[in-house]
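Shared chain: subunit A. Partners: subunit B in the first complex, subunit C in the second.
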Partner chain A sequence: MKELSLNILDIAENSVKAGAGLTQILIDEKDQVLTLSIIDDGCGMEPEVVRSVVDPFYTTRTTRKVGMGVPLLKLACEQADGKLTIESVTAKQDPEHHGTKVEATFHTDHIDFTPLGDVVSSITTLIQGHPDTDFLFRHTKDGKEVSVDTRQLRQILEDVPLSSWDVIQWIDSFLREQYDDFNTVT
Partner chain B sequence: MKTLAELQAIKNRMKDKVVLRDGLEGIRVVVGMATCGIAAGARPVLNALVQGVNEENLEGKVSVTQTGCIGICQFEPVVEVFEPGKEKTTYVKMTPEKAKRVIDEHLKGGKVVAEYTIGAAQA
Partner chain C sequence: MKVGDLPGHGFKALALPDPDRSIDGVYIGDLLSWVMGRAQMDNAWITIMSNNNVIAVASLADCSCVLLAEGVELPEDLIELANQKFINVLTSEKSAYEIAVLLSGLLS
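Here is the complex of A and B:
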């Protein structure tokens, strides 16, 4: 992937496929370490499946349902001296609190750090494609924050779909304006 | 600055508008957004289609949706066009520029852009 934002889009699609009602995409930058967390309340994965999504060449059976998305994120963070961890609780293990958390760290000053890229585009793409599920996006750095929560927008919009073009454009500008402020060095 | 009041105004403007929903008669444009598609550049293709369909006021007639891996990863980004009563069109190795031509000639004009289809790519 050319941009980390494309990995974010790809991994978050897994959360939607896992039936998540809410997918949280959190980016925190502190002292040259970027931590990306994608947390969902979807169906979760058995430990054996978690192992197989991290290592595409590990298998306990002859057919697999998992792809290259997580291995590509793992590659991106490990080449920037970071680490990938996955925690998952299946609905069977805990019917109340289930879901998956993918966390990846990156050293942003590492020469092989993949730039974040157009993360706003990934967020609007997710919302456009999945207007009936919720997303919380938050990027924090040095006390500054960029965020959007579709649950809040949904309250205002009522039955107007989040995927409406005018709404998507509003979300796009809403986030880009926050980033203008975010990226200003004070 | 974008404000929530502005979003409220959008809602008020749109609430009476008829929105095309899945299953209604209309053209369905489907973009493959699995790992293979995303890595090959599907995100800007999807955005160009969504933007173009709205700029050309086709949103009552054309819906743009996302799907997983279509199974022809070497041809990504892949865009499929489903029209009622017609055969499916599969566009391969798409770019935002190609998407604009598909909107103009196919979605608006009703004529398949043959040179971008999988048939042309395999010939």
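Here is the complex of A and C:
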């Protein structure tokens, strides 16, 4: 992918497919290291599945449920001297606290670092496509933060669906305004 | 032309499980997700990437072969994987551009 934002979209779609009620998309930048975490409370994966999702042939041969998303994210972070880790707890292992955490690190000063790209569009696309599940997005860097939490929006909006055009437009400008401050060097 | 003809034109076969595949076009690219959506069936795909995802993308896009440019080699386990997945992989010391020029002549 030319932009990490597209990888984010891919991985978060897996979370939704795993039946997540809440998918957290967290980006933290510190000392030239970008950490991307996608954490869901979906059904989780058995250990042998966790091992096999990084293998592109697991997905292309036996099931298309996961796609090339994980192998390509792994490649993107390893090309930038980072690494990918996946932790998962199935609903069978722990009915209370289950789900999957995909964490990828990148050295942002590496020449092959894939730029983050238009992450706002990825977030609004996810919300628009899955208005009945919740997303928490947070990007932090140098004490600054950009965030949106659909659980809070849902409370304010009451019966208005999150996928309605006006709401999506609002979320888009809400995030872009936050990024204006975020990207301002003080 | 067929993939099996390429060793006669200076390519070194790393895995040649399906030499009778015909080549009727060329795609060049190293960004795998990009190639996945753009390489066409029966294309010879020229790249400098050599990881297991390359074999997967060649398989998904149904390329006739992977041509590694600039002397890129495949590790032993990936040669085995390519054979197992029926993906032809050859390498050349030439650059992607020079390979494309050569194939342009061979295909016309």
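Convention: the second predicted complex is superposed on the first by the 176 of 186 C-alpha atoms of A that agree within 3 Å, B and C clash if a C-alpha of one lies under 4 Å from a C-alpha of the other, contacts with A are read in each partner's own complex, and residues count from 1 in each chain.
Here is the rule we use: a contact is a pair of C-beta atoms (placed from the backbone, for glycine too) under 8 Å apart; a residue touches a chain by one contact, two chains touch by 3 or more.
Everything numeric in this text was worked out from a predicted model, so none of it was measured.
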Next item on the list: State whether subunit B and subunit C clash or fit side by side on subunit A once the two structures are superposed.
Entry: fit
Next item on the list: With the two complexes superposed on chain A, say which partner A:Asp31 touches: subunit B (first), subunit C (second), both, or neither.
Entry: neither
Next item on the list: Go through the superposed model and pick first if A:Glu96 touches only subunit B, second if only subunit C, both, or neither.
Entry: neither
Check: For subunit A, which side has the bigger count of touched residues, subunit B or subunit C?
Finding: B
Margin query: Quick check on the superposed pair: does A:Lys17 touch subunit B, subunit C, both, or neither? Answer first, second, both or neither.
Written below: first
Check: Which of the two partners, first being subunit B and second being subunit C, lies in contact with A:Glu177: first, second, both, or neither?
Finding: first
Checklist line | First (subunit B), second (subunit C), both or neither touched by A:Asp55 | finding: second
Note to self: Per the contact definition in the header, classify A:Leu72: touching subunit B only (first), subunit C only (second), both, or neither.
What the structure shows: both
Next item on the list: After the superposition, just quote the angle formed at subunit A by subunit B and subunit C, using C-alpha centres and rounding to the nearest 10°.
Entry: 80
Margin query: Looking at A:Glu158, would you say it contacts subunit B, subunit C, both, or neither? Reply first, second, both or neither.
Written below: first
Check: Touching A:Val167, do we find subunit B (first), subunit C (second), both, or neither?
Finding: first
Next item on the list: Working from the superposed arrangement, determine the closest approach of subunit B to subunit C, counting only CA atoms, in whole Å.
Entry: 5
Checklist line | Touching both subunit C and subunit B, counted on subunit A across the two superposed complexes | finding: 1, 6, 68, 72
Checklist line | Residues of subunit C touching subunit A in the complex | finding: 31-34, 36, 51-53, 55-57, 59-60, 81, 85
Notebook entry, point to check: Which bits of subunit B are touching subunit A when the two form their complex?
Noted result: 1-2, 4, 6-8, 10-11, 13-15, 19, 33-36, 38-39, 43-44, 46-47, 50-51, 54, 59, 65-66, 68-69
Next item on the list: Would you tell me which residues of subunit A are touching subunit B in their complex?
Entry: 1, 6, 9-10, 13, 17, 67-69, 72, 121-122, 124-125, 128-130, 152-153, 156-161, 164-168, 170, 173-174, 177
Note to self: Considering only the defined contacts, which subunit A positions touch subunit C in the complex?
What the structure shows: 1-2, 6, 55-57, 60, 68, 71-72, 75
